[in-house]
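There are two complexes below, and they share chain A, which is joined by chain B in the first and by chain C in the second.
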Partner chain A sequence: MNALISLLNMVFDVILAPFGHRFASFDLIVWPVLAGVIALLVYKKVSNQKGIAAAKNGIQVHLLEIVLYRDNLAGVLVATANAMKQNALYLGNNIGPMLVMMPPMTAVLVEIVANYAYSPLPVDATPLLEVKMAEGASVKSMDVTLDLPAGLSVDAGPVATPDGMVAWRLKAETAGDYVVTVHAGTEAQQKGLAFGGEPRKIPVLRTNTWESILYPGEDALPSDSAFETIRTHYSDRDLPYFPDGEGGILLWFFGFSLAAGFALKGPLGVEL
Partner chain B sequence: MKRLFGLVVLTVALLAHPAHAYIGPGAGFAFAGSFLALIAAFLLAIGTILLWPLTFVWRTIRVGNPFKNAAARRIIVLGLDGMDPGLATKFMQEGKLPNFRKLAEQGVFRTLDTSNPSMSPVAWSTFATGVDASGHGIFDFLTRDPCTYAPLLSSTDIGQATRVVNIGKYIIPLGSPKITLLQRGQAFWKVLGEKHIFSIIQRVPITFPPVKFRGLLLSGMCVPDLRGSQGTFAFFSTQTDAGVPAFTGGEQTVLRRQGNRIRSRIVGPDNGMVRGNPRMILPLTLTIADDKQSVKMEIDGVAEPITLRFETYSPWVTLTFPAAPTVKVSGIARFYLTSIDPEVSLYMTPIHIDPENPAMPISHPSVYAVYLAKKFGSFATLGLAEDTWALNERVIDEKAFYQAAMDICEEREQMFFDAVSRVKTGLVTTVFDTTDRIQHMFYRYLDPTHPANEGKPTGGEYANAIERAYIHMDGVLGKLMTQVGDDENTVVMVISDHGFTNFRRGVNLNSWLRENGYLTLLPGSDTSGDWFEKVDWSKTQAFSLGLTGLFINRKGREQSGIVTEGDEYKRLTHEIARKLEALVDPQTGGRAIRRVEIAPEYFDGPARFDAPDLLVGYEGGYRNSWDCATGSVTRAIFSDNTKSWSGDHCVDPAIVPGVFFCNRAIVTPQPRLIDIPYSILALFGHKPPDYMQGKMIFVGKAGSATTRGLLDPASLPQSGAAPGALVSSTPAWSVDHVTG
Partner chain C sequence: MSRAELACAFGLLALTATACTTRGPDVPGLFILGVDGMDPVISQRLMDEGKLPNLARLAAAGGFQALATINPPQSPVAWSSFVTGLDPGGHGIFDFVHRDPKTYGPISSATSPVTDPAKAIEIGDLYFPIGGGEVGNNRAGVPFWDLLVEAGVDTEIYRIPGNYPVPGSNAKTISGMGTSDMRGGYGVYTWFTDKPVPTRPSGEHIKGDIQIINVDDYDLDGTPDSVHGALKGPPDLFHLAPDAMITDKDYLTAGVTFWLNKGRSEVYIQTGSGSGHHDTAVLKQGEWSDWMKVTYDALPGGMLPFEGMVRFYAKELGPGFAVYASPVNIVPSNPAQPITTPDDWSADLAALLGNFYTQGMPEETNALKDGLFDDDDYLGQVALVREDTRLMTELALARFQRGDMTFMYVSDIDLQCHMLWRHGDPKHADAEAHPAWETGSAEEHRLDIEHMYRHVDALAGRVIDNLPAGSTFLLMSDHGFQPYTREVNLNTWLRDNGYLVLKDGKTTGTIPTDDVDWSKTRAYNIGFNALYLNQIGREGQGIVAAAEADSLMKEIADKLVAQRDPKNGDAVVRSVARSKDIYATQRASEAPDLIVGFDIGYGNSDQSTLGEITAEVYADNTSRWSGNHLMDPDVVPGVLYANQPLPNAAGARVGGQFGLLDITATVLNHFHVAPAPGMTGQSIY
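Now for the complex of A and B:
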């Protein structure tokens, strides 16, 4: 997993944000559009274009039947059922291409989310650092300790709960990227924290589950780690025109890739 | 399997995460579109279901039970244009039409008196409206503009958009051009609709533009092509030896070959959105395969190249012409390679209006054509869909024509049986043109001495094309009868608008009028080109345009009319009629014209003033010559018809009745086409409107039918299989009579 995350970071850290993270709109337009075009070409190659066209056509035929033969109640019900059947066929035809496109598109999306969805923590903030112990971990939550770098101090805590959670409230003296170390027995894991400064890629979560692919800001935890997650909560970054945070990024991505797809499906001869 | 399951689980898991629920435009469109489709289906279905009781109550209050007095709850009219009773009888006797025989034995087979003139636009208008030509105002394909003597399509007027905005070179219309159906009266299916009886009407001639009514309609004959003509084919050829021939009904483009590549262009309609109305064009590239067995065709705007093979039709190709930014006009055409090596010759059908994206209204409601196209694929929409002029001009051969005609027939069958399966109570009427077109173009095979045979094949695979077409339609009827089964509430009729006869000799009435002093050419002119080019109207009393009509140049009606109303008019019409009825063909010594009707005495309908003043009823074997039909004056009055269009029906209506087959017996020995709409209304239990001129030919709910079973061949006025033979004075070229 780490190799994959490293590879993705290596690529995207170079190509994302060529004008810096301040110009979020640039990446939030260029990448969805580019992703849309590439996805369109891939979709054309891997999908059953004839099947999709036939299913769409079938849906339209049965919808028109409902309109044209509306006096025939039984006919309307049959046409409705047939339209739904064609709808299912249409969706079925899209599952294959969806699975093919999912990994690359997810990679692009999560990198954009990591880079643009969150703001660094305000310097005067006292965020929680939350650690969740893995199920069956040999170390108890109350035995977990924390090492802080210079400039970062504990404001409160730790607070351990019986369900395996430990939390510290931290405080930074100045803006900067800090790395804390969490110890459980002989295991030590690091976690980054971003305080103040320019917008940048934010380390939100480290985990030993599949979800780590969605948080490329940091490496995944080892699968045999005593920790399941180490997390800090960040505020959503203000995005122009769309809602903030992950939802906003999704809307940017959805809107622009869809617009690009719609504009280019004709010239590229793709049946969607 | 395990891997697939894992992927599905991963998909579901990702979909559950708000930020990663979307993975690209394909899936985005799919899920959004799918959701919209579901919503649309639900809303339409729920709307229909909720509204149904209301419409039921409304209908009950308004008309009660529409079938309360009905003697039939469903009527299916299978229209076989031009089906001839003589030929039908012959083929039935030979055992080739078992389903027609079965239908006749179950009910009745008789000749069906046609309209006067006996041609499709007139006859089918009579079928639609229940009145004669002076009632519906359609006397021919063409009429003349009384102000200019120029030809006009008699059925439709296509106007321009009245309000436009000019932006640079573009002219943006602020509305649709006005298209008007010139047929008067109302179709009987509209009357049925008012009684809440649903109808599906397919390809009945003279239904363009479609008129609103309670039912579905696909327009037929007189629907123009995308260029606004009644069908203009294109012929692309590298052969330049003979120069560029001027085709009737088509255009030739000379191709220049560069190695195996040829670049040309498809000429589309005039672009009304650009100043000067330039033609819209689409670049076309042909690449000849190394083995010379096929040609790859690439057309701008067509996604995939099309591989054309020798003497094989392409499927319908959608041609999208750019008219203005974001405005496109869509048409469909088929391509046929008539030669590859050494010369490349490519025939393109006229560009039909695309049914899936119609540039003009060709159906009611407009989505009906879209529905048919989506359900069955593109289909021919041009009124005269079978390209008779391409065969006449020998751009294509009999094989290509026959193939196209049967393909169109197959398209029609699909929509016909779809309609039959949809309508459980109500009316289905579909007109098949196959029988008419095949007889027009293959009649010469029945007559070994036909002038049109010269230089053309007279045997081979297509010698029995007419018989094959009849047998094919027998198969269609068989399928229909199987679908209908023994449903006593369904009446099945097979009708034709007219029969057929030979067309060996053309008569130029304009030349005859000139020779007899009724038409005068400008000084120094010996002949006149098309559309009365050199006619001196100030000295012309009469002229002929179209296929049977002769107009008097009437003062107060025509722009330069000289014949006054009253005695002069009456004397002149009688004089011309008498002389024409005595006209003798010097080649045969026989009369060419059987009967001439004087319109004001023959008709009494409201449109009689617009009628040609004289209707010329030819003997079998004769018709207005091709030159006469287009208003030209030639030196000779008679000429041999050498075109492939070798059979016709624009003669005395008495010798070309249509057919009437029905699964119910009737009460009259001699049914007429004009009786059919009247009888359909009456069968459904509704009183036909008073203006209708027909009568009920069925027994209704009580009584007994007196006319049943097969037709007595002795009662046939003439035989379609006996070219030119209709009366006792059989012309010399008669080769085969149908007898009892």
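Now for the complex of A and C:
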């Protein structure tokens, strides 16, 4: 998992934010549009274009049939069934291309989210660092310890819960990127915290589950880690024109990629 | 088309565009701080002592006067008069509490009676609403901000009392006093404790939702470590028949878990339960959390979630357990009910300010009255509200430009005068100790009210120093303050004087529980200052004919004014006004018949206000609610400060003073806007 995350970070750290993270609109428009165009071309290559055209044509024919023969109940029922069959064929023709396109589209999306969905913590904030122990971990939550770098201190905690959570309230002296180390027995894992300063890629969550791919701000935890998650909550970043945070980015991404796809399907000769 | 014709066409187009997007008059802006409960006598003393430098500066540059309040001098009544330029007979808000003339029971004055009952379709055990049951704002008249916006003036109104439910408007408004919490009331806190809670020190019932919990030992290691509780949210309407009474078990709940550390010095709080939505905080004993989200699922599967927000206070973590949770407030960024106009303005404000108290009168007076908060706990919470006000005022100032009108409401002084007067009368140097005086804390908190005035002074200083040059600045209050040392039960007085008769020879009882014999009762009290005759044709079981109403009112009024407190011989009631003599007539039929103006130190008891008849008429007020203003309006005028010289008020309408209605007229006149019909105030400039 970490190799994949590293590879994605290597690529996207170069191509995202060419003008810095301040101008979110650039990446939030350019990459969805490019993703839409590339998806269109991939779709053209990997899909059964003739089959899709035939299914769409079939749907139209049977819908017309329903309109024309609306006084004939049996005819309408047969036409409806045929239209549904063509719909199923259309969806079937789309499953393959969807599976092909989903991984790269997801990769673009999660990288954009990591870079633009969150704001660094205000310098005067006292965020929680929350650790969830993995099921079956040999170390109890009460025995988890924390090492802090200079400039970061514990404001309250730890409070360890018998159901496997540990929480500290932290406080930073100045803006900056800090790395804390969480210990469970002989295992030590690091976690980044971003306080103040310019917008940047935010280290939200480390986990040993598949979800780590959704949080490329940091490496995944080892699969045999005593920790299931180590996380800090960040505020949503204000985004222009759309809802803030992840929701806004999803709207930006799908809005622009779909718009680009539909705008260019004619010129690129793609049957959608 | 020639170039000249083309230019002319473009000119017309520009003129048309200008006309379509009406701009207000090119005048300096007007900024008003509305400070609830600020008193002219206390203000003058503190200015004389040099403790209010900014207000003294304001008074010297412009002016400072007492401002006549309205009758009765209650905040929702007074602010509604300021908002509409009408007296209570015009806007229809006569008291905090009105009565239903058919049932005689107390009802909220803020909302209009529901004329179209709620309807629902019953499917299984669920009721799906299909309409009706709409609750509107009871205030009549045209708010001044609507007139201003119509004239093109950019108008922003922050936390205006009496504006919830929020009537439609093109102005930017956010409602204040009267805005409900998620339960739909004026704010019910939750108290999680492992000890039984006694009744109030004054003997009244506790107002909070008390949850007696066990501190569990989750992992059975011999150390209690966790507490599970629930926060009540909106009524569970999908499981309630439309006409059902809402009981305590009919609210949606959201789970909350408290995990204690080994030494019980800190707690980890999780709102929500299982894998549901949750927010977390770590608190040390004595700390307040930030706002934490809670989610209520009205339908299974999270199909209809309502979001609220709550703040926790870790009062005691060990050896006992006592944690306070604020009333669940409406989330400004995602309001379950609109609290602003336009609807999404609250989200815009939240984006700039973060979350803030949205409940009206958010100062936690109930927990203090209930004896669960001490003064330090209370003042800690007041400081959170004050910080909201400060940030909101800074934002309003930053947005304020030439030609704009902004109103900002400040609650700091009013509620602290209500709650902290008992520690030392800031108005009467020779006053005896208040009946609610507390030996342990009085000296430490003797100057708390003075501190509140100084906070307002600092806020006024920020406004004075940051307004654009030439702007007009008014600081006004709706009423002043007096001590509240003696409770009067008006219903009991009516009983003792033969105007109210209880059934079956009872001597105590309540109106809502049908203890009153209406066939023999001629007058009753519901509300803080309101007396109603039991009139034929108006009340459900009226016996007083219209022809005898005037003589009966005169008889009751004369007796009340002649009444003396048996404890000390002092006058109890300073004036009794007939509403038909002092109010406009638009909504006169809903008005109380008599408005009782108590003398200094006296006030109607909470029990009588809600229709209870107790054994005794008089009692010492031992409640922490120790200052008051629900008296004769002449003894509790408000204040008016201005940064422009105030003209001599000798010609003004109300006893030589300008009054609240004159401020409304002044606002409109400032922007050359004509008053709405019925507005009778006179502009001070």
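Everything that follows uses one rule, which is that the second predicted complex is superposed on the first by the 272 of 272 C-alpha atoms of A that agree within 3 Å, B and C clash if a C-alpha of one lies under 4 Å from a C-alpha of the other, contacts with A are read in each partner's own complex, and residues count from 1 in each chain.
Here is the rule we use: a contact is a pair of C-beta atoms (placed from the backbone, for glycine too) under 8 Å apart; a residue touches a chain by one contact, two chains touch by 3 or more.
Bear in mind the structure is a predicted one, so any value in this text is a computation, not a measurement.
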| field | Superposed partners chain B and chain C on chain A - clash or fit | value | fit
| task | Go through the superposed model and pick first if A:Ala156 touches only chain B, second if only chain C, both, or neither. | result | second
| said: Which chain, chain B or chain C, ends up touching more residues of chain A in the combined arrangement? | reply: B
| query | Does the superposition put A:Trp168 against chain B (first), chain C (second), both, or neither? | reply | second
| query | Should A:Phe254 be classified as contacting the first partner (chain B), the second (chain C), both, or neither? | reply | first
| field | First (chain B), second (chain C), both or neither touched by A:Leu128 | value | second
| query | In the superposed arrangement, which partner chain does A:Leu16 touch: chain B (first), chain C (second), both, or neither? | reply | neither
| Closest approach of chain C to chain B (Cα atoms, Å) | 14
| task | Go through chain A and flag every residue that touches chain B in one model and chain C in the other. | result | none
| query | Which positions of chain A touch chain C when the two form their complex? | reply | 128, 130, 142, 156-163, 165, 167-169, 233, 238, 244
| message | Can you tell me which positions in chain B touch chain A when the two form their complex? | response | 7, 10-11, 13-14, 17-34, 37-38, 40-42, 44-45, 48-49, 51-52, 55, 198, 216, 303-304, 365, 367-368, 370-371, 374-375, 422, 424
| said: Quick check: in the complex, which residue numbers of chain C touch chain A? | reply: 218-219, 221, 225-226, 259-262, 266-268, 280-284, 287, 351
| note | The residues of chain A that touch chain B in their complex are 35-36, 39-40, 43, 47, 56-57, 59-73, 75-77, 79-80, 83-84, 87, 90-91, 93-95, 97-99, 101-102, 105-106, 109-110, 113, 117, 210, 214, 246-247, 249-250, 253-254, 257-258, 260-262, 265, 269-270, 272
